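Note that chain A is present in both complexes that follow, paired respectively with chain B and with chain C.
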Partner chain A sequence: MKRIPILLSVIVLMFGILAGCSSSTSERSNEADSNSETIDLTWYYPVNVGGTITEVIDKYAKDFNHGGIKVNGKNVTVTPVYSGNYDETMTKVQTAIKNGKSPDLSVQLSVDLFQIKNSIIPLDDFIKNDYEAQEMVGDFFPGFMKNAQTDGKTWSIPFQRSTVILYYNKDMFKEAGLDPETPPTTWEEVIEYGKKLTKKGQWGIELPATISGYWIYQALYLQNSDSNMMSDDGKEVYLNTDEAKEALQYWVDLNNKHKIMPEGVLDWSTVPTDFIEGKTAMMLTTTGNLTNVKNNANFDFGVAFLPGNKRVATPTGGGNFYIFKDTSEERQQAAFEFIKWITEPTRAAEWSMNTGYIATRQSSYETEALKEYVGAFPQAKVAMEQIEFANKEISVYEQGKIQKIIHDALQAAINGADVNETLDKAQAEAEATLKAYQ
Partner chain B sequence: MRRSNVVRENLTAWIFLLPSLIFLVMFTLYPILSTFISSFYKSDLSTIEPIFIGFDNYAIMMKDEVFRKAFINNIWFTIGTVPTSVLLGLLLAILVNRTFVGKVMSRVFFFYPVVIPMVAVSFIWLFFYTPDYGMINSILKLIGFEELNLLGNSGTALLSIIIMVIWKEAGFFMIFYLAALQNIPKDLIEAARIDGASKWRQFRSVIFPLLMPTTLFSIIIATTNAFKTVDQLVVMTQGGPNNASNLLLYYIYENTFRFMDYGRAATVTVIVLMIMVSIAAIQFFAADKKIHYS
Partner chain C sequence: MNRLISISTYILALLWALPFLGIVFMAFKDSSEQGYSLTFRNFIDAWNAAPFGQYYLNTIIIVIAILSVQLITITLAAYAFARMNFIAKGFTFMLILIQIMIPSDVLIYPNSNTIAQLGIYDTKLATTIPYFISAFGIFLLRQTFKGIPYELEEAAKMEGCSRLQIIRNVYIPLAKPTYLAFGLISVSTQWSNFLWPLIITDSDENRPLTVGLSMFAKASDSGAQWGIVCAGTLFIIFPLLLAFLLFQKQFVSSFMQSGIK
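The block that comes next holds the complex of A and B.
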């Protein structure tokens, strides 16, 4: 009989541990509410570029927590939670909401709007009665606000934003007898320059077609068309217009016809390496690669506006702040105060210098620190100036499925499928996918 | 008295089994059951509350082009990786089972791909396969081939991934075969030799049959791996170009985490589960009878 009590206590212990696992998380969220003096916000943030981003974020949190910002007489503090890359952040936020543990705020892709619209709140009420907030919204580059707004409401606040730009190798330009200070500005010039720049072991240009390849394609689409590839309400896409087909044909021809781009689908992460290794004279990719190229290229490089066709254009990219629905009004107000604090011009400038993203506020470029930085590294300014020509990045309901449809079409065409048929098929698939929202 | 002893013995057994039973129920049985149930619901971004739709998800899957492509790719992937990596493992094991200079070194050499995480391996091979300066292309160019964008072409993407996986897994099976080879009693081989059996005959009639349990084990592991490791796709091709290298698990991953189409993801999970269970059943019940366990 002696053994049973021991075994029983083992079982009790087991259950104790299991119970402990589940209760410790629920206690945490109550903690903040029971202590009436402070509001502790949970902020999910992704890291999508290299460098010591987490340290910068932790420093921000520390500064903010000592900043003495109050809502309803209570101190506001923030706990940043690193949540992986953008995809993982989306997963974590969704899981948290499903389990009733919604974060207070998060940084997610500006184009995630329609996917999470049911879980977030519009910010107009906060902006309406707050002079500072109105000033803030007015100070963001208008191009960056485009993806934040739909049905007449503002749903998010820009934080770390980017565009597509052209990178080119000045040394190779000189070698080919081209002026290193006048990069190509039109599609024809790209082909003309590209032919001069292509030789054995060196390509004229590279466009990546994986990961964010749809985004590069959207840039070509916008340059070739007066309208965007989707409707503003996120319920329709226009993938098989004549302009769309011309844009895709142009991409395909860079290899097939003009032989200035390597054959096959080029990987998102190997294209910048190709450029740094001197295997391609030009590339189109995100401004987010600026710091990477600056640190690793052992040649003189330039960046420039994307070459245009019917017009000069680029989509925007990057992440915005969202505030979630399933918390109290007080916490939402506190979250908004934090967003105001962290997007102040000096901090936006600092964030830009630390990460390579474009500073989101126009007045950031008047701060001493950023002026000095841009003076020494003028390439950083090109990205900022190009925002004037920036359009909405594709953002629709069923964002993931639509992106995949575009990628599949793009890759199929690069691998030799007929451009017309491929885009007609993509349009049909996209329409079927979006049917539920009509 | 006797009755209570039996009860007590049973109770003790249950108590000892309880911890693993709890984990089995929590992390295996319950998720399987709930996946099974989810597969009968429409549950995606457009449906806020899941709707019961019976077998509709299965019907949709049968018509889905990407699913069919991933399914066929997975069959080729299995055919491409399982026999080759197991056979290569056996050959390597025989090779390093002899005494020669550098024996330990070559064992380490063959085994080290196993210890590197798949994600790291994929990143290295992504650059191996890069056109121009990638290692594979440099070699191909040396022997007179045209430059190839191996991962960027529908025709070569899956094959490139298969080759990488064979390289990664062969060393793993080598270790099992090596252990099995060293467990074969020397006197059996000696007896065969005295009977006049050639080297090949010794292998075919003595060594190979004694290795069968290891072979069965390796084939099961390799087959399950063919369905459950997709880290390489996340890093290298994302299933592209145009689904040329898409596999079932990656398809599930995309549906769950990128498209948030939980109903469809659950459906494919159930299908994969069925495939796995039937493969395991065939291997255990059919092949088991022919295997000699010493």
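The block that comes next holds the complex of A and C.
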């Protein structure tokens, strides 16, 4: 029987060590602050553009915490918490809310709105009584506010926003006898240029069809149609219109008929790598990639508006700030103060230069730093100018499922399925999914 | 014939090693240069992207804590299922077997709910506690215990051993290869566990290596930065790799004996 005490003591010791390691950090909770002197906000943020971005975020937090911003006489501080990519952030946020551990604010996709609408607060009350906030909202590019508003209310504030743009390799353009300063502006020109650019070991263009592939498809959809692919209230989608079918057919034909794009489904994250390594002369992807391409491409490259068809168009994309419901009013106010602070024009400009995302404030482009940056690197301006032609990104109830339906259809068509049938099927599936919300 | 076998072994070994060699190749490649030039920049960039020193320590603590508790719980449970008689034994064992089939991601919400009720959100205990009992380990060890001749237990009883002494002196020594095999599986699973720690912890003091790696491995908007991802992967798997190389013989023989492939 001698062994029992040893066993027990090992177990006790184990728990002891674990508890000891953790006790210091578990204090940071939502309830404890009503009497204390500081309000410490928890901010969940995803990383979508590479590791060093956490350094920038940490620096923001440090600056803010020393900034002495007060709400009700209490100092406001913020603790940024890395929460994976956008999907994982959603899981983390939802888990935390269900368990009563709601963060104060988060950055999530602007299109996640309908999925978390029950857990967040509209921001109109904060904006209404605050001159600075009104100025802020008025200063955002109007295109970026489209996904933030529904039911006549504003639910989120733009932070890291993007559009789809065309990247092209100027050296390859020269080699193929094309003018490197005039990228293609229409679908026909894409095909025409693509044919000249395609040769052994080099493709004309690449369009990714995974991860955010639905978004690239939405760009084609918008260029081919006067209306968007979903209703504003997020309850209906229109996937099998004639325009939708033509857009998908165009995508499929880039490989099948015109042979200017590699065969099969192209992966979201390897398309930029292909571009940097010179395997494709053009690509469509997010502006979020700009800094990556700039740092790693050892050739002269250009970016341009998306080639249009019936019109020039792109969806917006990227992440917004949300403030959660399950915290005190004081904390919500503090969170709003933080959002105001971090979206100030100079910081929005800095964030844009660090990431390649578009600076969300119009006046950011009048700051010295960004002016200088754009002067030396005019590519940074293209995405901003394109916002004029930006439309709402698809944002619906059951966002994840609808995205999957679109991806499945897209990938099936690329792999040889009939475009008509595929989209009819997708529409039927989407209608069944959204039935509960009609 | 022998020659053919040994040649095909080498070919297979090379095929298995290819992905790893690819990682090593990319990790040292300078992506901004044409052709291949050696660089350590990827490692420096990757290491600086997150507090990896802290994460290393956390991962080691988490892995060791889980394995230690698991070894105790699975030994006792496996013995009970192998040698003791109690009501609903078969049914209980079935329940445990079913648990092997449930993917742990499905349990994130119910588990996190328990963690919240225990008041240990964002602690190392929260990261480890759901894994304290391993259904797979119980199953594996029970099979091994069943294969040990009952006469040995009887002999030990005759000598006046208590139950725990029997387990300690008869079963555990004879099941060593199984323990080693299970230990390897447990450590490598926990070493690469990602989603649960990400969701249940907020602070750097409690987060493991995988969370750090995901910062650049999953950054889909900036394209695949193979160099940094591979460098990060390499220094994260390095301790496991080293351990495997050092104890290779024991591992292989333990897998042979315990019948896991």
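Brief remarks on what is shown
The rule we apply is simple: the second predicted complex is superposed on the first by the 404 of 438 C-alpha atoms of A that agree within 3 Å, B and C clash if a C-alpha of one lies under 4 Å from a C-alpha of the other, contacts with A are read in each partner's own complex, and residues count from 1 in each chain.
FYI, a residue touches a chain if its C-beta (ideal position, glycine included) is under 8 Å from a C-beta of that chain, and two chains touch if they have at least 3 such contacts.
In this text the structure is predicted, and so the values were computed from the model without any measurement.
In the overlay built on the shared chain, the residue A:411 is in contact with chain B alone; chain C does not reach it.
Of the two partner chains placed by the overlay, only chain C lies in contact with A:292; chain B stays clear of it. Within the superposed three-chain model, A:227 lies out of touch with both chain B and chain C [touch as defined at top]. Of the two partner chains placed by the overlay, chain B and chain C both lie in contact with A:211. More residues of chain A lie in contact with C than with the other chain of the pair chain B and chain C. Of the two partner chains placed around the shared chain by superposition, chain B and chain C are both touched by A:91. In the superposed pair of complexes, A:276 makes contact with chain C only, with no contact to chain B. Legend: residue contacts after superposition of the two complexes on their common chain; A:265 is shown touching chain B, with no touch to chain C. Across the superposed pair, chain B and chain C both touch chain A at residues 3-4, 7, 10-11, 14, 18, 91, 211, 269-270, 273.
Every residue of chain B that touches chain A in the complex is listed here, in rising order: 8, 12, 15-16, 18-19, 22, 45-48, 66, 126-127, 130-133, 148-149, 151-154, 236-238, 240-244, 254, 257-261. The part of chain A that touches chain C in the complex is made up of residues 1, 3-4, 7, 10-11, 14-15, 17-19, 21-26, 28, 42, 47-55, 79, 81-85, 88, 91-92, 95-96, 98-101, 162, 211-212, 268-273, 276, 285-286, 288-289, 291-293, 295-296, 298, 356.
Contact residues of chain C toward chain A in the complex are 31-34, 45-46, 48-50, 61, 65, 68-69, 72, 108-109, 112-113, 115-116, 119-126, 128, 162, 164-165, 168, 195, 198-199, 202-203, 205-206, 211, 214-216, 218-226, 228.
Here chain A touches chain B in the complex through residues 3-4, 7, 10-11, 14, 18, 87, 90-91, 94, 115, 118, 201, 209-211, 262-267, 269-270, 273-274, 277, 279, 397-398, 400-401, 404, 407-409, 411-412, 414-415, 417, 436-437, going by the rule given at the top.
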